[in-house]
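The following blocks contain the structures, represented as structure tokens.
The following pair of complexes shares a single chain, subunit A, combined with subunit B in the former and subunit C in the latter.
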Partner chain A sequence: MNDDRFEVIGRVTRRQDGHAMVTGRQLYSSDISLPNMLQARVLRSPYPHARIAAIDTSEAERLGAVCITPEDVPRVKYNERQVSVPAKTYRDRTVLPDKVRHVGQGVVAVAARTEALADRALDALDVEFESLPAVFDPHEAMRDGAPQLHDAVLLGETVLPIERNIACYREAVEGDVARGLEEADLVVENEFTTGRAYHGQLESKAVVCRPEADGGITVWATAQSIHNTRQLLGSLFDIPLSKINVQRVPIGGSFGSSIQMNSSVAVCVALALKAQKSVKLVLTREEDMYDHCKYPSNIHLTYGVKRDGTLTAGYLKTVVDIGGHNIQAYPLLGCMAGWFVSLYRLPHLKFEGTAVYTNKAPACAMQGYGNPQVTFAVESMMDTIAEELDIDPIDVRLKNYVGLGETFWGQGPTVRSVIRSCGVEEMLLKGKAMVGWEGRGSSTSKTGRFRRGIGVGRGFHTSGTGAPTPGEVIDYSTAMVKINEDGSVDCLTALMCHGGGTLDAGAKMVAEELGVPLDRVGISPSNTRSTGYDVCTHATRGVYCGGASLLRAAQDVKKILFDFASRIIDVNPDALKVRPDTNRGQGVVCLPGAPAKRITVAEVAKTAQIKGWGSIIAVVSHRQVNCPPCFVVNFVEVEVDTATGQIRPMRAVAAVDAGTVINPDLAAGQLEGGLCRGIGLALLEDTTYKPDTGELTCGGYLTDYKVYTAQDMPSLEDLSTFFADTYEPSGPFGAKGVGEAANNATAGAVANAIYNAVGIRLTEAPITPERVLSALTRDAEQLQQGR
Partner chain B sequence: MMTKRRVTLTVNGEHVEPLVEANALLVNVLREELQLTGTKYCCGTGQCGGCTVLVNGEPILSCLTLAVAVDGADILTIEGVAKPDGSLDPIQEAFLDHGAVQCGFCTPGMILMAKDLLAHDPSPSEERIREHLRGNLCRCTGYHRIVKAIGSCGQ
Partner chain C sequence: MGNTRILTREFEYVAPETMPELLALLDRYGPAATIIAGGTDVVPQLKYEKISPDYLIDVTKIAELRTVRRDGALHIGAAVRLRDVKAYCRDNETYACLGDALGSIGQAQVVNMGTLGGNICTASPAADSALALLVLEARVRLIGSGGERVVPLDAFFRGPKMTGMEPGEVMAEIQVPAVVDHTGSAFRKIGRVAGDISKISCAVAVQSDGERCLSCRIGMGAVGPTPMRMPGVEQLLSGRAIDAGVMDEAADRIAADISPLTDVRSTEFYRRRVSRVLFKDTFDQAWKRVQR
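Up next is the complex of A and B:
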């Protein structure tokens, strides 16, 4: 796909960091090694809920290890995630706890010359736990007399007592839902669940900390926000921010797992400060799996609908099991409300969300932040409505979807914007034709052991969290762009790339704006000392918000470039243009139609340097005042083995409305990867716990947790992707996000495909073979009784 | 204290004789002793394929292999896949051309598996490629472009 409007935007180009990745030169946090560095290990709780009665580190210290216990670390209560404004941030954890609230929680940490010695020191620690009753089910946790995880937490600076383990509650109401349901010809309701999927990023979390001579620290961490990491470390350890340098390090997959400053970062810093030596802490896969997971959901959903398929009301009630700590449940519930409300028009609506503590690993954002969970329920219900009213499922969607000119709740009730670009109809209709929708047949026509079905799911994600007014969530990015004396360009930003090509997109935008060949635009290594604030690369904001900040800086730089060029070639700067000259491998400033009035970008920059006019450089902090939805549509074909309950994804069409697509290959790659993880959420992935011990059933092993392999995905021929032809007026070069959207619609599409295959509505994800078989058996029994 | 032992290896064509402990894993010797960090440590228990290297031409999981067990072996890691002049192997070129790289963490293992496959089967079918990669996990790509890239290298 080449877009004639642009030189490099929309063209397939090799990613700039790709060469380092295919040759093994890319350095991730776990690859950082410093002279005289100690290796750290953490003693973790074997109990799901226990008070720490006594700790004896003397034997470990005798072996030469540096040890930290809860006594050695700051007592400050904090929240790992620093994206919300302080007044809306719930704080319930310390660097090391007095009381553990889930198996695998760190209690004591050691650092020693080698990993083997650190392991021996770990074995030599003596920790006495006083086991407490634990609770693993959120509904049980809310009952009177249930074990209480937290007595009180801090909300901002206010002490907030916790009752019945309810971490927070959120409600959104518009109109009168009871009236809306009364006005309906049909009321449908059902209950849906999704699992506590594990991020499964290939790089387990790692951190290296070097104490500096000036009392400061330098940190290399698996992190999605270097600035939030720095600010949190500064407040925890009382170090001026000017003495904390957090380096941006490539991340080996993320999916939300490091939006927060992971608990291991503070532990590593505490060890390094005590040892006054560099310390490295790399989590094992098992530790990583006990660190975080996706927010699970339990959703009760009711819709009222007219005979013609028009929705009259919607009511979604959810209970979210957040585990032992509240990382971001309050904004999560707000977002879940927003996703629900923004999928389909609801004249009357109600949302109620309750987040509940349990003695499990803390849940955090994972691709979609409540969106795949809500969309699974909503998209399943759209098909139920279609079935009940005998309308084509696509028509029900077309009739009710929230689209152009309507209000989008980008990040919940407080962040609203008007939709200005929308490719929903285009994607539904094109996808329908591509997948052969009309030939899918109804479940009643399907017989035999192996039955195939096709399902549709649609959805969206927000592109960032920007809004015209300050909200609960901070959102802006800072970028610096500089034209060098040879005409090449440096871009400096704290923005991250998690693999999707965010920084490549930024480089393309700068190249496009400055008319400089793409291979002469470089993304500089960055750290917190050299960059202005960037909130975090999360919420599918990289291209739309972070890219926009780079574009703004490039626009400012262009003004300076034209100003300097006008002095040299004597042309009014407003009349100048800049274009790449491939023969010279240079950008050329020119007056169109006047061949004599040309000068290369390099000549301008060099002349400005020699004459002392200054560097061609600009720094911009930019907040997007919008957060447009990037819409997605998935069509999935599955094959159900009615004898074993096994479901295989056979074919899929995935589409996104990302506005102008900056990197077509990488954007399609996002769709393919999102589809794979979405099918995983639908059919495979969950972290379950042993009720007697509170341990993960899979033990923290990937082979027992299970993720899809290359053998499980549809073949090359059977998986297609495409982009809607839209332009987002508020986006840089018309772009919106892709990231999280890529997996939001998938689970619903899969459940709908299963229904189309076997005529059974499965509402508990992952839809495992056991669940399929038991539903098939129940269905067969009901049929028999019916006879 | 454990006794250290000298092992003789040819790594990416270079003769090395690291001094290793009897229980040292190959992944750690490569990454820490030889500073070849392109070989990734992902799960440490042979579940994901991220630490794959070629030993005497065969893929092995370096996180499950003792360094002493491969004494005398010829080892290829991702750092040795490109030609000595720095030009890329066709598989590396294909990964870049097909957008098969996202976060890049599984990439070294995938490329070495692809090298192994193509050495035995110069034009593998898609099914064969998928079967060959079944032990190598990728969380970013859904495997689509990795399979495509390897397929494009077939003769």
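Up next is the complex of A and C:
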């Protein structure tokens, strides 16, 4: 798919960091090694809920370890995620706690010359826990007399008492739901759940901290936002930001798990400051699995609908089990409301969300941020409505979806904008033809042990969190672009790449704008001291927001370039163009139609240097005033083995409306990856707990936390991807996001495919073979009783 | 919480090159030593700190343990890699169920590193190759400084992670008897994902004259303390003409005779329910292989 409008945008190009990644030369946080560096380990609570009565570190110190206890760290209550405005930030944790709220929570940290010695020091620690009753179910946690995890937290600077373990509550109402339901010819309702999936990013969290001679620190950390990490460390340890340098380090996958500053970062810094030596702390896989997971959902959903399929009202009520700490439950609930109301037009709507503390690992954002959970429920319901009204499921969607020209508030009630590009219809109709929708038959027509079914799911994600007005969420990016004296280009930004090629996309935009060959546009290493603020690479904002800031900087640089060029070749700058000259490996500034009026970008830059005109450089801070929806459509075909309950995904069509696609192969890769994880959410992934001990059933080990691999997915011939033909007017070169959207529609499509195969609506994800078999058994018994 | 990134405890690693050296080391170190072959089970055990040996004795450098030879029976050295056994089975359809079992291991690393002897000595109730070897009536040759003995595999397994191996003994080889004519075999399992040990597994070797089951051996995995033979069902089927009614009867007996538990991988209910169909599928496949 080559787009004639562009030189490099829309073309498959090789990633700049690809070679280093596949040859093992890319350095991640855990690869950082400094002279005289100590290795840290953390003693973690074996109890789900306990007061720490006494700590004795003397034996560990005798072994030569440096130890920190809750006494040695700042007592400041903080929230590790700094994306919301301070007034909407819930703060309930300290660097080390005096009370543990889940198994695996860090209590004491040690640093020693080697990791093995640090481990021995851990064994030598003597910590006395006073075990408290624990609660693992959010509904039980809300009952009177349930164990109370937090007495009070801070909301901004205000003390907020916590009652019945409710971390926060959020409501959104438009119109009158009761009236809307009365106006309906059909009311459908059901309850849906999704699991606490583990992010399963390849790289477990790692951090290295070096204390500097001037009292400052340098930090290499697994992080999606180096600036938020720096600011938080500055306020926790009372160090001026000018003395804190957080380096951007390539990240080995994230799926949202490092939006917040990882809990180990502050621990490592505290150790390094105490030891006055560099300290490295790398989580083991089991520590990582006790550190974070996806927000699970428990959703009660009601829709009112007219006989012709028009929705009259929608009411979604959700309880979210957030675990021991509140990382970002308040904005999550806002977004869940946003995902709900922005999927389908609802004249009357209501959303109620309650986030509840339990003694489990704290949940945080994971690919979709509440969106796959809500969309699983909504898309399942769209098929229920279609079935009840005997309308094609695709037609129900086409009739009700929120599209072009309509207002949407995907990122929550305070982030509203108008949709200016939309490929929903195109994707539904094209996908329908590709997958052979008309031939899928109804579940009642299917017999035999192995039954196939095709399901559809659609959804969207926002591209960032930008809005015309400042809201509850901070969203802007800063970029610097400069043309070097040989005509090559440096791009400097605090933007992050999680593996999807975000920075590479930024480089392509700069190359496109400046007419410089792509291999001459470099992404500079960056850190907090050399870059302007970038909120965080999250919310599918990398290309749309971060890319836009690079493009704006490139546009400013281009003005300077043309100004300088016009002085040399004597052409009005407004008449100039710049194009890549592949023979020369250079960008060439030219006056179209005038062969004599040409000069390479290198000549302009070198001349500017020699003549002392200055560097061709620009810095831009840019906020997008929209967060347009990147729509997605999935068709999935499954085969259900009715004898074993096993479900195999056989075939899939995944499509995204990402506006202009920057790199088709990488975007397709996002679609495939999102589909794979979406199937995992539907069928496989959950972190369950042992009710007696509060430990993870899988122990934190990947041997018993399974994720799908290529072996479990449809073969490449059976997996098709395509892109809607759209152009987003507010996006850089017409681009929107992809990342999270890729994951959002899948679980619903899978559940609908299962229904189409066996005629049973399964609402409890993961839909394991055990659950399928139980449901099939119940269904058969009911059929028998009916006869 | 342990530390699965590194092996936190010091141990001495020794790699003898001959059997006498190995036996001498076993005698010298006694229970302080653990034998390691492919390491696909021992290394996780070390990381989980379930074992903490002072000596780790690597047996993969001993040529005798790495050879495969055939003299009627098939003799597979205990330290032969699963990958090599798998390749052998691909070329020799006689041992179809063993080929199925090794082919069912989704993790390439396990197949490349793991050894057949290791898979057996681990004595996991869910071990794939062990179940296949069980229905092939394999025997294991054990050597100690006091001599050697040959033990039928079904007498070798004593419980989860427990075998009939005496201190100072080492497994030298696995002997798979020649398969009698008109026999077909198959292995099937159900896992959570492709790269997984089984929730439940089944192996069948059946000899038939086209209509009747002349004799058969049936094994079920992950439904009891060891990989289990199913003598009740074997008797029930022997000499019977195979039809749907007989298969239902046998499947009911399978479900009744196994003793599954609920654990991290599945539930008792599920295992018992699917044991019937898994057995039927496996038997069916083994049966088809006879006809060819």
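Some points to look at:
The criterion applied here is as follows: the second predicted complex is superposed on the first by the 787 of 787 C-alpha atoms of A that agree within 3 Å, B and C clash if a C-alpha of one lies under 4 Å from a C-alpha of the other, contacts with A are read in each partner's own complex, and residues count from 1 in each chain.
Please note the rule applied: a contact is a pair of C-beta atoms (placed from the backbone, for glycine too) under 8 Å apart; a residue touches a chain by one contact, two chains touch by 3 or more.
Note that this is a predicted model, so its numbers are computed, not measured.
In the superposition on chain A, A:Lys706 makes contact with subunit C only, not with subunit B.
Contact with subunit C, but none with subunit B, is seen for A:Thr697 once the two complexes are overlaid on the shared chain.
When the shared chain is aligned, subunit C comes close enough to touch A:Asp119, but subunit B does not. In the superposition on chain A, A:Thr284 makes contact with both subunit B and subunit C. Of the two partner chains placed around the shared chain by superposition, subunit C is the only one that A:Thr644 touches, whereas subunit B remains out of contact.
Once the two complexes are laid over each other on the shared chain, residue contacts for A:Glu770 go to subunit C alone; subunit B is not touched.
Of the two partner chains placed around the shared chain by superposition, subunit C is the only one that A:Arg44 touches, whereas subunit B remains out of contact.
In the superposition on chain A, A:Met21 contacts subunit B only, with no contact to subunit C. Comparing subunit C and subunit B on the residues of subunit A they touch gives the larger count to B. Shared-chain residue A:Leu719: touches subunit B; no touch with subunit C. In the superposition on chain A, the residues of subunit A contacted by subunit B and by subunit C overlap at 115-116, 282, 284-285, 701, 703, 707-709, 711. Of all residues in subunit A, only 41, 44, 46, 104, 115-116, 119-120, 282, 284-287, 290, 643-646, 684, 697-698, 700-701, 703-704, 706-709, 711-712, 769-770, 773-774, 777 touch subunit C in the complex they form. Interface residues of subunit C facing subunit A in the complex, by the touch rule stated above, are 1-6, 8-10, 44, 48, 106, 190, 192-196, 264-267, 269-270, 273-274, 277-278. Residues of subunit A touching subunit B in their complex: 12, 14-15, 17-28, 30-31, 33, 115-116, 199-204, 250-255, 282, 284-285, 498-501, 665-666, 668-669, 672-677, 701-703, 707-711, 713, 715-716, 719. Contact residues on subunit B toward subunit A in their complex (touch as defined above): 21, 28, 31-32, 35-45, 47-48, 50, 77-79, 81-82, 88, 92, 95-99, 101-108, 111, 126, 129-131, 133-148, 151.
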